[in-house]
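Labels run A, B, C, D, E and F following the written order; every chain starts at residue 1.
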Amino acid sequence: MERLLITGAAGGLGRMMRERLSHVATKLRLSDIADLGEAGPNEELVQCDLADEAAVHDLVAGCDGIVHFGGVSVEDRFDKIMAGNIQGVYNLYEACRANGMPRIVFASSNHTIGFHPQDRHLTAHDPMKPDGLYGVSKCFGEAIASMYHSKFGQETALVRIGSCFPRPTNHRMLATWFSPDDFVSLIETVFNVPRLGCPVIWGVSDNDEMWWDNSAARYLGWRPKDSSSRFREEVEAENARPAPDSPDALWQGGKFTADPIYRD
Amino acid sequence: MERLLITGAAGGLGRMMRERLSHVATKLRLSDIADLGEAGPNEELVQCDLADEAAVHDLVAGCDGIVHFGGVSVEDRFDKIMAGNIQGVYNLYEACRANGMPRIVFASSNHTIGFHPQDRHLTAHDPMKPDGLYGVSKCFGEAIASMYHSKFGQETALVRIGSCFPRPTNHRMLATWFSPDDFVSLIETVFNVPRLGCPVIWGVSDNDEMWWDNSAARYLGWRPKDSSSRFREEVEAENARPAPDSPDALWQGGKFTADPIYRD
Amino acid sequence: MERLLITGAAGGLGRMMRERLSHVATKLRLSDIADLGEAGPNEELVQCDLADEAAVHDLVAGCDGIVHFGGVSVEDRFDKIMAGNIQGVYNLYEACRANGMPRIVFASSNHTIGFHPQDRHLTAHDPMKPDGLYGVSKCFGEAIASMYHSKFGQETALVRIGSCFPRPTNHRMLATWFSPDDFVSLIETVFNVPRLGCPVIWGVSDNDEMWWDNSAARYLGWRPKDSSSRFREEVEAENARPAPDSPDALWQGGKFTADPIYRD
Amino acid sequence: MERLLITGAAGGLGRMMRERLSHVATKLRLSDIADLGEAGPNEELVQCDLADEAAVHDLVAGCDGIVHFGGVSVEDRFDKIMAGNIQGVYNLYEACRANGMPRIVFASSNHTIGFHPQDRHLTAHDPMKPDGLYGVSKCFGEAIASMYHSKFGQETALVRIGSCFPRPTNHRMLATWFSPDDFVSLIETVFNVPRLGCPVIWGVSDNDEMWWDNSAARYLGWRPKDSSSRFREEVEAENARPAPDSPDALWQGGKFTADPIYRD
Amino acid sequence: MERLLITGAAGGLGRMMRERLSHVATKLRLSDIADLGEAGPNEELVQCDLADEAAVHDLVAGCDGIVHFGGVSVEDRFDKIMAGNIQGVYNLYEACRANGMPRIVFASSNHTIGFHPQDRHLTAHDPMKPDGLYGVSKCFGEAIASMYHSKFGQETALVRIGSCFPRPTNHRMLATWFSPDDFVSLIETVFNVPRLGCPVIWGVSDNDEMWWDNSAARYLGWRPKDSSSRFREEVEAENARPAPDSPDALWQGGKFTADPIYRD
Amino acid sequence: MERLLITGAAGGLGRMMRERLSHVATKLRLSDIADLGEAGPNEELVQCDLADEAAVHDLVAGCDGIVHFGGVSVEDRFDKIMAGNIQGVYNLYEACRANGMPRIVFASSNHTIGFHPQDRHLTAHDPMKPDGLYGVSKCFGEAIASMYHSKFGQETALVRIGSCFPRPTNHRMLATWFSPDDFVSLIETVFNVPRLGCPVIWGVSDNDEMWWDNSAARYLGWRPKDSSSRFREEVEAENARPAPDSPDALWQGGKFTADPIYRD
């Protein structure tokens, strides 16, 4: 690939992936509303507000693939979520439509289905049950991607990320942990396959605890290799076992289900 | 019921229902951004922009039930859809949360699933496939309703309206026609049942052509009584038979699937 | 049919059916542990404790069909349920095995699945979720019938009766009402079909409110004709609307789900 | 329609339909390998061996729709079945491909699924289980139709006919009866809908006994109106009740399942 | 865990697990109706008839977890099965309800589904098909557990044990073998997870032959590690290949399906 | 096994398997319409036209198992396919019926389902969608096998072979590759299991790209061990990436879907 755009490159996921994805393209274009530090050898840095339609069109021009981490990534006030995750996602898809429709890896989230109980094994086709305004905005993003695929052929990988951190740090993450290495191999796969389509992919490693069935996406040829199990002892030593009726033990979305609607 | 709020009461659906629902409550509060004409004997008229959060809170205060027809009801520019169907729906649910959570009949749409082919029989749990920005905004609305139900217990009937007009006027409507009388009886049912929950209900009469399976909502006790079949001869006389590969014959969303993204 | 045995003929269901089933066979043999009054013209009365194995063998001898209403029919102490519904059912099936395996209509119950929520549409193959010791004993009865069918070919109609009364008397019964006439026509069908097998049949009329899908039993050719809807106005006039979170509005088993374990 | 071709017009089904379908087109072209009697006012008679490729091409030329009853319609020797139902069906589809691909009503059969037990409720997507060489040849025909649809867009209605006779004449037909009037209305529908596709349609009336679920074909708008129930008394009076383990009570294909392989 | 109760500790499973589970709790309380030999260092021995309600209450008092192997574990006379597996299970659950509801590992059995054919792949939600009175009693046990979970929150792991022996000893056990080590790791998991619920878990190792799908229980994080395949050669050398129509080759329950009803 | 017949032994698959299967039986009988070269030590060579019924009866006589690779194995003219794959398969099954019904491994094909898109995960029970006359003839073969199993108990393994070659040679084969070693182990399993039945088995190795779910056949105890992944680099180096809308990227049947009907 000539040029890969990573949005939200100054955020948690973005910083983790900035280095890990540098081999994927000749040039990495990194964008964020926040400061991105100094550009590495094959990097282009672009400060950009996703809610600014013209700026997003400029950002996307000339890119051959997009990893979209930008926008709000936790529960927040609705005006912020609307700007980043609703107006911003619309802007992104319109910019892609105008610029040759590069493939998109869309950072969707387990919070689109967070109000399913943990003892329910989900496929990609089970109904959404978002657990907050953030989760709702990701449902919106999946709907936009689906529509641009049906109508215009735009391809997107809808990755419902579990918990992408260097290691799991609590009991729930034993089930939701998505190792950065597994995410990298998924992104490589998405940009390598002959045909992507618009699949929902559970972004999760090959953990012993498993709520999600990825078999509908097996046509892509991606298989996670990591497992949270090697961290089990540490996790259980560092954390008290959650009570059976705590949000972290009941719901797939964990503590997000207990968040209020933030109004200021 | 003491006071029923009908939003979008100056629109197509709203005007049809204004009279038909007057028996449901002691007072009808009717709102729209457009002119509502003169108030009838048991009517209160409120001009209100759904994008204005404070105005919506005032509008909802004191209501025991809501029929939400307000917002944009066809494909349109994204800024308009965002104001009416995204900001507006958030405002409505926040207003309800602050005002005793009256039951809501939410006018969702077949355009949430418009890119399913007509020969696919859908249940309420099949994945959404919206056919335009309007359809995407209704997916957003369903997601908001689901989240407020899971988190706060707010009850909503998510009525995916087919084609609610006095009579079907083209071939596709033989399958999608939802008679105003059947819609009225559904609304009566929604406000009468002991427990509503947050079901997806296909808003369609008992037509011979049938794409949608309502059995998951049969616990409500609602059954449509009309059928498009008595209009078949007229419809076929007035309209040329659509070509087998025209959007109107291929997709459940019909011509909406062929709409562009409106940008001005 | 020459001789039809009705057990539990002095109970609520039994008394309702005693008269209605007299045309089905030349002789009705009626049994109960309680007094059965005077024998009608084509009746044989037998007082019998179902927990007495020898007595049950005598009772069954010479019968060509059995309608099994006997045993405990409400939540009760476990020793009583064990005697009537566990020991008693084992005795009945052993007696049938020794006496030519006459067809059995087994009065099972919606309380085998009472802890499913009312908004879940069930088929006959959904998992049981009994709502008390009575419901558990009916799960046992269905398991015995299944095993005698697989192993010996004994045929049984497992009728999961909703609410078989002259008319529905509360909101929940609008969904569960099983008219005595519909039950009679089901029993006629069971004894008339060439092959019965061992189907689960939802014992419910053609009500507007519907939680149960009987399509798997449609091979029998039975269709209910009554509906609770003609009693809706009376029912709603006589009963306050249950609160949305009351057992009667939440669970298919209604108030049984709130019963304690009776210990004396 | 200008010209409708009915193949097999001298057979049982063909004779029944010849008169009933005369209103469907300006001209009926009737063909059979056997004698067709005299031509009616709007009829063209063509004697034709379906195994003769050139003859079939001539037969199809100029037709706007085809009702294909031709070929072998009962269990028979393989050479006969191969000529009529395999070579013949290939010839028919090739002729249609060369002649504008007129819509086809293909007389498939319940004998494609005859080894499913009667207590199994089938959808159109359940696996085939043919009950003889005849049934196997109809599986072949459905496969040809599916392939010509996928590859070339040829539309076919795959009607799995139950028992199309003036009235049901045995117990099994209470479930399988397909009234000639219902078949006529289905054929009218097939040639009238904007888009047919290549659906499997259970050819059966609205009988009380029902093994087959036609909901996947409801997009066509066809609903049967007859029921075998009005003949029940006669049927039961004329026929001894089949034993529970007789082929007629066990299998959907009835006695066909007990046919040998005919070798001379 | 402070104190773990193992019932049936003198039986086959009990003896195998007595040693293997000693690390799970500070104290093991072992009970059986038969002699338990001498107490080990961290063991308490209690002779107890499960049919004795008061004795069972005493037995359960002070325990933090229960592994319930007690009762009858093969086909037997109904009076014995009723005492141990029906009265006994009721006593156990009542005792737990009165004593803080410790988690239970319930030794259910493949004989609850033994009359499913071996070529049917089962999930935990497929209907039960017990293969004898023993299997029926385990259906009863699962129903009791389900009801105490729904009504009171009692958690139970319903382990449908295949064949838990040191090694597989016949062809059928290549599919049903459950290694003692895998069972131990399952029990550890059950007592370790934040939330257990009341899942059905197939008690089987990771064998090549596989009839059962455990994905619905993957939320627990348990994965078997053993496989019967390393014993294949020995098993095939020691045993003649069963005939294709023998119970051991046809039914999941194997020879149990051919057992009579034992009456003395 | 005493004598194993391999038909089509001079074809691509046949030549690959001739050597690899020599350990499976004391004698290999090899047949083809083409020249088979010289007989090896435990080989019997028989030139045979499968369309010749008497010759096929002779061929099958005395065999204990059959691996049927014979007939046409690519898209071809219908007369050739009818001779080899329709008449030939009928002849084979009749010969088996007359000769003790030896088990058959039937070389079915992914071209029975070739018009399913690659992003659809199929089970063995999904509807067939053949992609040409060759695929249709394999649907016929599966139907014949099913019928002879239901009617006479003839056992067949219906192996829907992906791409059985020494290594994958294009992008699509990364998903469809079936290593010769995995096929050998499957054949060994088929002739070794106590009961085979008539299962559909996806003939595919344990590739990362996976369209097909073999869990319904797991009762056999066969698990593939190879994977196409070790050839990925070579395959991607040797082949340009197919365009997203090319038949090789869209359809499971790949280029076969684009084949015409061959007429000379």
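The definition used in the following text is that contacts are C-beta pairs under 8 Å (C-beta built on N, C-alpha and C of every residue); 3 or more make two chains touch, one makes a residue touch a chain.
Chain-to-protein mapping (UniProt): A, B, C, D, E, F = Uronate dehydrogenase.
Since we're looking at a predicted model, the values are computed, not measured.
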> In how few steps can one go from chain A (Uronate dehydrogenase) to chain F (Uronate dehydrogenase) if every step must land on a touching chain?
Replying inline: 1
>> Just to confirm, which listed pair, B-D, A-B or C-E, duplicates the contacts seen in A-F for more than half of them?
In response: B-D
> Between chain D (Uronate dehydrogenase) and chain C (Uronate dehydrogenase), is it the same set of residue numbers doing the touching on each side, over half shared, or a different set?
Replying inline: different
> Taking each chain's centre as its mean C-alpha position, how far apart are chain D (Uronate dehydrogenase) and chain E (Uronate dehydrogenase) in Å?
Replying inline: 53
> Which integer distance in Å separates the CA centroid of chain E (Uronate dehydrogenase) from that of chain F (Uronate dehydrogenase)?
Replying inline: 42
> What whole-number Å value describes the gap between the mean CA coordinates of chain D (Uronate dehydrogenase) and chain F (Uronate dehydrogenase)?
Replying inline: 31
>> Show the residues in chain F (Uronate dehydrogenase) shared as contacts by 2 or more other chains, in ascending order.
In response: none
> Tell me, which pairs of chains are in touch?
Replying inline: A-B, A-E, A-F, B-C, B-D, C-D, C-E, D-F, E-F
>> Please output the residues of chain E (Uronate dehydrogenase) touching chain F (Uronate dehydrogenase) within their complex, sorted ascending.
In response: 118-119, 121, 171, 174-175, 207-211, 213, 229, 236, 241-246, 248-250
>> Could you list, by residue number, the parts of chain D (Uronate dehydrogenase) that touch chain F (Uronate dehydrogenase) in their complex?
In response: 78, 82, 86-87, 90, 94, 97, 115, 124-133, 135-136, 139-140, 143-144, 146-147, 150-151, 257, 261, 263
> In the complex of these two chains, what residues of chain B (Uronate dehydrogenase) are touching chain C (Uronate dehydrogenase)?
Replying inline: 155, 192, 194-197, 199, 215-216, 218-223
